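Okay, so chain A shows up in both of these, paired with chain B first and chain C after.
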Partner chain A sequence: MALPVLALANVRVGYGGADVLDVPSLEIAEGEVLAVIGPNGSGKSTLLRVAGLLERPTTGRVSFGGCLVDATHALAERRRMAMVFQQPLLADMTVAENVGLGLAFRGVGADPSEARVSRWLERLNIAPLRDRRARTLSGGEAQRVALARALVVEPDLLLLDEPFAGLDAPSREALLPDLAAILRGDRLTTILVSHDRAEAQALADRVAVLIRGRISQLDETARVFYAPVSEEVARFVGVETIVTGRVLARDGGVTVVEVAGRKLEIAARGRPGDLVRLGIRPEDVTLTLPTEHAPLSSARNHLTGTIRHLVPSAPATRVVVDVGFPLVATVTARSAADLGLAEGLPITAVFKASAAHLIGPAGSAGGSPAGLLDTMTAPEL
Partner chain B sequence: MDLFPVWLSLRVALTATALTLLIGIPVALLLARRRFPGRNVLEAAVVLPLVLPPTVLGYYLLLVIGNRGPVGRALAALGVELAFTWGAAVLAACVGSIALVIKSAQAGFESVDRQLEQAARTLGRSEWSVFWSVTLPLAWRSVLAGGVLAFCRALGEFGITLMVAGNIPGRTQTLPLAIYDRVQAAQMDEANALALIAVAAVVVLLFGLSRLARLRY
Partner chain C sequence: MTLLLDGVRAATGLIVSGDSEIWSILWLSLQVSGSATLIALLLGVPAGTALALARFPGRGLVVSAVNSGMGLPPVVVGLFVTILLWRSGPLGALEILYTPAAIVVAQAVIAAPIVTGITLAAVQQVPREFRLQLLALGASRVQMIWVVLREARLPMLAAVMAGFGGVISEIGASMMVGGNIKGQTRTLTTAMVLETSKGNFEAAIALSLLLLVLVFLVNWALTSIQQRRAL
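Up next is the complex of A and B:
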């Protein structure tokens, strides 16, 4: 296997006692997009500053292109990287001059620089803005300039620190696919730090979930979202229903798990007698009125209960159904209206056997975690 | 009227301000940017000259640079005598005023958004160039304000100067010492004139620069 572009080994960062970051090992392969997600204050930005050679870890080693580097003397290495922050941090000059800054500091001549600046202004769809003063730009435009300024140096490693967090929703939704196309088209090695799991899902090949300075899970994007290794990770990646059950039986490809007196059929494998934790994403649960009879199928769970909470929000309404345990579903505002959803209404919640995932073992049954976790089959991705 | 004390004080204060800026800016940057063992001790040591009695400071300085002190002997070996020269007055002014430069510049450096420095680094600027193109331009008002305060403090330095440079008319008698001398000799007209010059110099400098550069002290 080729050398990783960047490798961290036994990296720890502590500010006066407590470690804010503790990463035994992290490698970024050439051409991959790695998203580091986690709650606020989990050490994501610290990790990115260490990777970007802006901060020297308290202990540990950072290698770039196979060579050990010390952040205090890393100008040459840093010039092979580029970084974009949450704020665009543009200089008070024109758009084209801003985009050319990194090239000027690297000693690129005026003519080649001019050509590269023009090309990247085109690629980020900001060519008409080239002579505007940076301070007159909207937030979305300014962030496109900041991205162009980073990409124009054609870095070996691109570091993105919450680049969308400061943008309004329309700007973010316009920029996200443009950036995704550039990252994939150019196979740019990228580390993206974000607290927004949708950005990670849209851009990343692999996702690292950072919780309290430690990487709780590092895996392909689909696996992190559909096979979280712990409850904390599950909650962070958007699994809202997490319940404990006991495996009753295994029948063909289906495992029957009893949760609060209800029998659920799940696609994952489990040993009868084991206590397991189950996670169900709200978008995998659909709601129907109990009167209309959905076609019964062995691959679906139908649980009738009553609506306990109804939280309308855009774009989906969040519904908590009491089916013996609280089961969370999201439905569009239109379906909520069509079904006449209201608190106290009896309702049937439906989810596929493949939508319920095991989140590591729970309780005392001592099932092998590897065996349990290995059963994931990523549905409808 | 003998204006020697005025010129001497200006010369001493200007030299001392240049030296305190030269030494104070790196120390301020260190305190604002780095966490290191002994940082608290250094911070306390910086403020010490502001709170210790000037005569005590002067006394200890004299022990160090006097002809039996360690620095005094080393300098004597090089043929240089520092105690009771105008150089000693510069040293006294530096010691009395450097805290003002360091504290003011430190506050200025701390108020610079670290992200701007990091953005400059990620664009490929060297540390040296980040300091000159980002940090200092954003903090220069505070640094300059510290320099102005230090200059005024140096101009008025009395106690330390008296201990280490003496009060030798025509050699080390600075403006504040001269005023004291004239009052002791009941030459009130000269004392008044010198005092007015001192007040005018400080007022013009403080208000003039604060108008010009919009400084905040």
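Up next is the complex of A and C:
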């Protein structure tokens, strides 16, 4: 494998004795998009500042293109990177002048600069704004300018710090696919920091989950979302139902687990007798009225219970069903209306064997190492 | 009241007739205070910028000193510049006491803290995060400071106005280090004191009108730049 574009080794950042970041190792390969997700205050922005050579870690090494770099003397390396922040602070100039700033810093001449600026204004669909004063732009327009001024320098490493967090929903939904197309089309090596898992799912090849300054999981995007290694990660990536059960039996690829008196069939392997933690994503659970037949469904788990809570919100309504344990499902507002969902209503929750994942080992009630290995193979089933 | 009205009428006559002494006093004042403001800018802009961006122990004390310096009493400056330039003083060899150069020195001392203080405030109001974003775009430290100063240019015009306004209307220091010598170091303000003490109100009013118009014109010009750029 080629040298990583950026590598962190034993990086620790402490402010006043407390570690806000502790990363033994993190590498980003050429052409990949790595998303660093985590709750607010988990150290994501600190990690990005260290990666961007804007902050020197308390201890540890940062290598860029295979060479050790010290953030205090890293102008040449910084000029091979570009960073976009949550708040696009533009200079009081025109849009085109703002986009050209990075090129001016690098001593690129007026003519080549002009051509590159024009090309990137086009690619970010802001060419008509070129002569506007930057201070008169809307939030979404300003963020596009900030992206253009970073991309125009054609960086070896692009760093994005919550670039969508400050935007209203329509601007965000318009910008996300545009950026995804650019990142994929140009195979730009990118680190994206976000607290929004949907952005990570849309853009990233790999995801690192940062919790309290430590990387809890680093894996391909799908694996992080469908095979979280700990309960904390599971909750952060949107697994809402997390329960403990005991493995009763194994039957081919299916394991029977007893949870609060109900028998669940899951596609992950477990040893009979083991206590395991199970996670189920709410979007994998469908709801039907108990009177209806679901003959076409291949789902193995049909659990009847009563609706405890109903939380309408956009785009989906959250339903908590008591099936012996609280099971969370999301349904569209239309389905909720069609089914006549109401608190106290008897309802059947349905999910496939592959929708339930083992979570382990951290935080699990005695999850065995074998269980962890099984988890890793679960997405294929 | 008639004294005032007659005075204004006579003063207008003096100005319009082009009284050569009045015009040469005006010209000297402009040159002296203009040079002093320029020197204050050359010292105060870098100092204010450095203070705004640097973090060092005792910084709070220095900032407080600069802010106190913005209210430095001109007579105090006059006294110490006089001692400094006195024949037997540390800079006596320059032999510039009672020359326009001495007034420039004193006025620059008065204006420099004003320019420093306002520059400090102007640069500090450019967000720290903006500086970080410039560095993240590949700016060297000098390039970063250049763009930050460019961002702060509108509030910094206030530094020019306050500095010039402070020294053109100052009297204590000009009197002490200049000596109010006719035809050599007589400025608008020192001449006004003299004419008033002689009871020569027409001349004093003429000078005061010129001073007011001058201050207004300078501020009007700078304000119009500031307001046009702010839009």
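Here, the second predicted complex is superposed on the first by the 357 of 381 C-alpha atoms of A that agree within 3 Å, B and C clash if a C-alpha of one lies under 4 Å from a C-alpha of the other, contacts with A are read in each partner's own complex, and residues count from 1 in each chain.
Note that contacts are C-beta pairs under 8 Å (C-beta built on N, C-alpha and C of every residue); 3 or more make two chains touch, one makes a residue touch a chain.
On a predicted model such as this, the values are computed, not experimentally measured, just so you know.
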Simultaneous placement of chain C and chain B on chain A, clash or fit: clash
Touching partner for A:Asp92 - first (chain B), second (chain C), both, neither: second
First, second, both or neither for A:Arg149, with chain B first and chain C second: both
Partner chain in contact with A:Gly16 - chain B first, chain C second, else both or neither: first
Partner chain in contact with A:Met83 - chain B first, chain C second, else both or neither: both
Partner chain(s) touched by A:Gly102 [first = chain B, second = chain C, both, neither]: both
Chain B clash site on chain C (candidates 8-16, 26-34 or 116-124): 116-124
Shared chain A surface residues [contacts with chain B and with chain C]: 49, 52, 54, 75, 78-79, 81-83, 85, 87, 89, 101-102, 105-106, 149-150, 153, 159
Chain C to chain A touching residues, read off their complex: 127, 129-130, 132-140, 143, 147, 150-151
Complex interface listing, chain B residues touching chain A: 35, 115-116, 118-119, 121-127, 129
Touching residues (chain side chain A, partner chain B) in the complex: 15-16, 49, 52, 54, 75, 78-79, 81-83, 85, 87, 89, 101-102, 105-106, 149-150, 153, 159
Complex interface listing, chain A residues touching chain C: 49, 52, 54, 75, 78-79, 81-83, 85, 87, 89, 91-92, 101-102, 104-106, 149-150, 153, 159
